[in-house]
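What follows is a pair of complexes built around subunit A, which joins subunit B in one and subunit C in the other.
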Partner chain A sequence: MATIEAPAPTVRERVRPEWLENIGGQLLALVAALVIALLLGSLIILAYGESPAAVYGAILTFSFGSRDGFGYVISIATPLIFSALAVAVCFKGGMFNIGVEGQYLVGMVAAAWAALKLDFLPGPLLMWVTIVFGMLGAVAFALVPAVLKVRTGAHEVVTTIMMNGIAISLVAWAINGPLHFTQQLAGFNINLRTDPFKANARIPDLGHRFGIPDSAHLSWLFPMALVTAAIVWFVLKRMRLGYEARAVGASAGSAQAGGISIGSVQIKLFILSGALAGLVGMQQLLADKGYLPVQYEAALGFTGIAVAFLGQNSPLGIVLAAVLWGVLARGETAVQIDTDVPREFVIILQGILIISVVVTYQLAQRRLLARQLRKAATVEGIGDSAAAVDIEGLAKEDR
Partner chain B sequence: MPKWLRTFALPIAVMGIVAAACSSSNTAGNGSPSASCTSQIKVGLALDVGGLGDKGFNDLAYAGMNQAISHGIICQANTKYIEANSEGSNLDQEVQSLAAGGYDVIIGTGFAFSPYVNELATQYPNIDFGVIDGYATCGPACGETNPLSAIPNVVDLTFKEQEGSFLVGVAAALKAQALGCKTVGFLGGQTGPLIGKFEAGYTAGVTQIDPSIKVLVEYIGDSTKAFNDPIQGEALSNKMYDEGACIIYHAAGDSGNGLFKAAASQRKLAIGVDSDQYKVVTPDEAKWILTSMIKRVDVATYDTIKAVAEGKFKGGKNEVFDLASSGISYSTSNPQLMTPDIIDAVEKYKVKILNGDIVPPTSPQGA
Partner chain C sequence: MSTPPLVVMRGVTKRFPGVVANDDVSLELRAGEVHALVGENGAGKSTLMRILYGIYPPDGGSIEVRGREVRIHSPRDAIASGIGMVHQHFVLVDPFTVAENVILGLEGSQLLHPDGSNQRVAELADRYGFQIDPAARVEELSVGEEQRVEILKALYRGVDVLILDEPTAVLTPAETSALFANLRQLRETGKTIVFISHKLDEVLEIADRITVLRRGKVVGETAPAETSKARLAEMMVGRPVLFRLEKPRTTIGEAVLQLVGLRGGRLRGIDLEVRSGEIVGVAGVEGNGQRDLADAIMGLRPLEGGSVLLDGRELTSTSTGDIRNAGVAFIPEDRQDQGLVLDMSLWENAVLGRQEDEDFSRRGGILLIKRIKQLAARLLQEFDIRARGIETSARTLSGGNQQKLILARELETDPRLLLAAQPTRGLDVGAIEFVWSEILEQKAAGRAILLISAELDEIYALSDRIVTLYEGRITGEYPPDAPAEEVGRGMLGDVASAKAG
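Let's turn to the complex of A and B:
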């Protein structure tokens, strides 16, 4: 990265299609980040007097060595796919939806309400209605910061963070109030929660078809997550909204000059993001527990930001990153069972991985941009050393 | 030196130094073989959020397991504990991985393990499970997979916290009278039926001695973080002290450490919970602790391990620990505050509870 040599004007650049250049760079960045994280992690392992091969081996065996283990990895990854997609959709439009956390909590409350109060609905209809209510609840909650942004210019980062606090209280209120556990069971410390849902509100188990025990809670939600990722890819790459989103994200001013209504695009993106956020809670609500307890699994929205980063906001990358995250999360138990390395090691490893990805991805982007600019300069025949310096400056500015 | 190397040289050097510093402190292993130990029983402890060092629940369960080791019932090398992640979202995997690892008895330290133990118990019928504070034997009525009849290998280990809370309420009222104050306080963690038992028993104990004493009640909150928020605990304690409370009893886990801080700075009294907290906090704070309501999680853990080791384990039930079984008690370790006259009075009420003359309530009035 030191200095870019001035290209000779006559040298013909290796011609590679842009998408290959793009994916190649991204993949290289990811692999480099993974290698850096594993190397730094090895130092920590060595400090504990364990062998890196044994520790990484334990983590991998725990995830891929048994059907149970793989089932758990997939059920950890499933909600993360949804939350990372929700983050990525807004990010394409240049917005940071930190509120996926709050949105999915509200989605869970709305879904729990539907599952309990609309339980007269027959068969799988109840499940689908419950899921739709979850999405609607999250969309409604996401619309508030979206409208505030478009109407008043209130920054979505601030408003969504603040609204996460409201969502936490809303769940507590719902469990204490309208959705309160109604049965009296003397002698048991039943935690605060809703009543159990009827069986037809729950998402059917998929894992047992592959010999994975029900307790892993690998459900039909995982294939739904894959389909959702494909849909998001299609919307972002092949539909007008995706194009407009990228235009607004790249330069709102230019997009507006080009006839795109920024506000409308931002609202649409937030609606899409909210709908995806509404699906985050379905794994624990409908595949795992079958009721909404006060000890719900929190922070999936925040983890989604990390997974979106790791997957570089591309749907395919997000699916892979979510599975990787699932492997690491399962590793938190693995290292405790098989080694003397404490579980915090995995958290450190996750942190190093994120930082490495951010750095290597940034480097890859700069390299790509510099190459594109140089190509452009070559075409225009101004490939002297002065132009090369300019390019270096531009590439830096781009950060 | 190439630029990339320069970029990474410093971080790598720092890592090296940190690594060297850490390596010397790693002595605590999970299993050092003991020469004389012959027991083959493998014990797995699945810890809840907070893990070891929480000065509460998890530490107590661990102490119970260690007691079993020192009594030669089980061998150190055959034990294993695992901690939950910070969100508490991998409790199921803790139980599953211990079960898959061939442990003979698995104890989950907290009611959040209940649904997972209920679910996994049928998958591993040869393993005995215990859940502290649990409701794993509650079955479908609690939204769980298996009915009681299907899980004869599971026992819930619950406590009559209201009995001990009643006794510390008696002590608080007597001390308040001695100090000439008419208000005491209760600091709860997370609202709900479990902490409600503490509040109800405590209030009943205070009222038993002097109905004119007012009991202020504050809860940290509704979310799970309520047990892990000492700052809020300190603020609410200060509020109650400012409103005239001279003694505050907490059932708020780690948030209770805020109470002890407030008590020391306001020079007022506090009552601890779960373990004898007089022995746990700093000496500056300890001298303001009147007593603690002791919940013998360690005894429950020890008893369960012992029963399995002796082949006497009986599952499929909710095993209740109370004053009568010494699973619940109160501490007298601060002689400056817990004077003989107070202890005598508390003992009298203890007898009344044991006789059944007094039955402390399990839920607060009006709830």
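Let's turn to the complex of A and C:
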């Protein structure tokens, strides 16, 4: 290597381009994925004898054509931001938290308990305490698989899936037992539910300030979700916990040899993930219903996995992906009302979108890496070009 | 030249963006020869052979096999022309048996005949003197045996030219000599072997002819009888290379590291002392507990007994983080698995192990990124690590530069003890020289160094004291000028003679 008369590396040069390269590549991949998904979706629409422009137009108008529509989109996106963040936090540390579903349900029960039993708390304090209880409940539930993983090696995918079942039964038990309603309200169906919460337990509406009706349930929870995403970004990128988590996720062996305690990082991540999961149910509980119903909006935790994937586990990406998901969910109604295409078309579109995101990101990442390897090889001089040669070879041999 | 060449590559050129990997390279392979292709990492050896094996299309030049020009578009074409290749990383189906792997894709019918294929593979192995059980599962085999399966796979397909890409990089010395015995037998039967390597001693031992590549060009062709290790190295690198560096004289002080009856994993009671200013070399065939020894000292594996002391302080069952803080620097044998987080940036890797230092993170756990980046920039400069910048990922570095980054990071901590496991594995001559001189500089600075290496050359080049590790025990202790045969006996567990010696 000493034979190569390459100039000494000037460290400051072109640091930004690589950063931009990464973001640019990802954006390009996302746009490509969207185009592919929309094109494939068009084929299905054409098969139904409808015009793709009309169907996509209907979806867009329903979401962006009116303030109401946009309000609905945002309030659908809000809980998904939390649940996707919960998934992403664990994912960065190399773990799959499939249990966000169960964790947020338990969080709802804990929050409902606080809202009902601590209703002597004055003013907005009740709301904040309720939210904190929701987070604590979810954290407690998330700690079980975390401790099992660290102590016994039980895989978190298996344990969290199993615990989702437990959570569903827990909600049913709570509504049937300790939190069972006591007051019959006029106009209410005799459904299983808790008593309604006091008004000061609820999260205040935000939408009416922008002329969006209360029925959209666009509350202060949305700005809270944005702030939460920013906090998660800060933790992952700027704090030691995030650094250690990413190291554990990318190479457990190197992290461990670097003195990072893998078990402790995993427990901390599950606590953080659980806390985020605890916020998922707040949209329905405190912004929408104002009581804990038995027909809670299920699968928010599972949808969070899809949204996290779509957003490539980055907080900014997750916010955008959640809004996109909101548009599609809203589009289901649009498709039903305005066209002859069945509403299930939107579910198919969601599936195609995820698959094309997976494919385009893989391609983009491979190209980016090959490109960066080549640039690295030029910097190192031809004597070290083996790396660049290897990656080209890998791409070939993969076929 | 009595026999016409079997394969002729003429004026082969291959460009990758920004790099000319092969520049007008010509090569002749004759029947029944071992032809060594040597050069530094990235000199273009593997690229040339991947072109011959149909993995890359060449940008220019032609290939003739048995006097007829051929176009090789894929490995399938190559095998049809009688050319086979065994890669550094094996591609075997682990749960399958040896025979199943060998015949994979050539089963012939939908119904499998395990007995028949076992017999055919056994016959093939016998013909070339390969010792292997066709019914054994690949996952139960040693690396050397897996390599034999790969070679058998190629032979089963009837190839005449066998390309071996760095075949000894993964082998123990004993497995290497077994491989060489096999290769000699293959040569007897008229097969041609292309031996890609940068281990010069091995090349001189096995090759009939040697072609040297540098920066994508052929710099010369020679034969073992006409050259020497030093001359080959000079051809490869383009300047004279020192194989022995001057060992600095140091006063050897008090014991820094003490291992007392260390047991766990493969370790069966290790007693060892390393003093300040001293390099203790642990020689041994791989798989005799080297990895466990390093892991045990670093707190990366549980112990069944014994203790680790640093400056008289008990480090047993202390966390890896505390062991590092106590002053132990670690160069792991697997730099990608225990050294670097390949998908993280250089600056993030530069601080790994010190992320809790108050220099680099605040009490509340917020990283002081500016300072970490300054550290990384300085390390890159001081150790001449060639990279686009500190934001680039560690994956984009060559092996030599990755190792330099680890060295830079670990030595920056001003350690009491440097634990260096296989520090030059997979590096080329120039990089090895750099790593060795850095380690000797640490000795000059009065640090204690425990060197674990499977390369006897390296042990001799650096050590003040040599111990041999065999089946988890220290089987002998030798002065740095002890004859290699004696150390070799200790490496094979011949305790009695080792003690006598």
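Miscellaneous remarks
Here is the rule we go by: the second predicted complex is superposed on the first by the 361 of 399 C-alpha atoms of A that agree within 3 Å, B and C clash if a C-alpha of one lies under 4 Å from a C-alpha of the other, contacts with A are read in each partner's own complex, and residues count from 1 in each chain.
Keep this in mind: a contact is a pair of C-beta atoms (placed from the backbone, for glycine too) under 8 Å apart; a residue touches a chain by one contact, two chains touch by 3 or more.
This is a predicted model, so every value here is computed, not measured.
By the touch criterion defined above, A:154 lies against neither subunit B nor subunit C after alignment on the C-alpha atoms of chain A.
In the superposed model, A:241 lies in contact with subunit C only, and not with subunit B.
Contacts of A:72 after superposition: subunit B is touched, whereas subunit C is not reached. Using the contact criterion defined above for the overlaid structures, shared-chain residue A:372 touches subunit C, although it does not reach subunit B. Legend: residue contacts after superposition of the two complexes on their common chain; A:253 is shown touching subunit C, with no touch to subunit B. When the two structures are aligned on the shared chain, A:172 is found in touch with subunit B, with no touch to subunit C. By the document's definition of touching, of the two partners only subunit B reaches A:329; subunit C does not.
On subunit A, the surface touched by subunit B in one complex and the surface touched by subunit C in the other have residues 1-2 in common. Here subunit A touches subunit C in the complex through residues 1-3, 6, 8-9, 11-15, 18-19, 238-241, 243-244, 246-247, 250-251, 253-261, 369, 372-389, 392-393, 396-397, going by the rule given at the top.
On the side of subunit C, the complex with subunit A involves touching residues 16-21, 40-43, 46-47, 50, 55-56, 215-216, 237-239, 298, 300, 319-325, 330, 332, 334, 336-344, 348, 352-353, 355-356, 361, 365-367, 369, 376-377, 380-381, 384-393, 395-401, 428, 430-431, 433-434.
Those residues of subunit A that touch subunit B in the complex are listed here as 1-2, 40, 43-44, 46-49, 62, 66, 68, 72, 168-169, 171-173, 175-176, 183, 185, 187-193, 195-196, 213-217, 289-291, 294-295, 297-299, 329-330, 332-334, 336-337, 340, 343, 347.
Across the complex, subunit A is touched by residues 2-4, 11-12, 15-16, 18-20, 22-23, 26, 29-30, 80-83, 85-90, 92-94, 96-98, 100-101, 111-112, 115-116, 119-120, 123, 133-135, 138, 140-143, 145, 156, 158, 190-194, 221-224, 318, 320 of subunit B.
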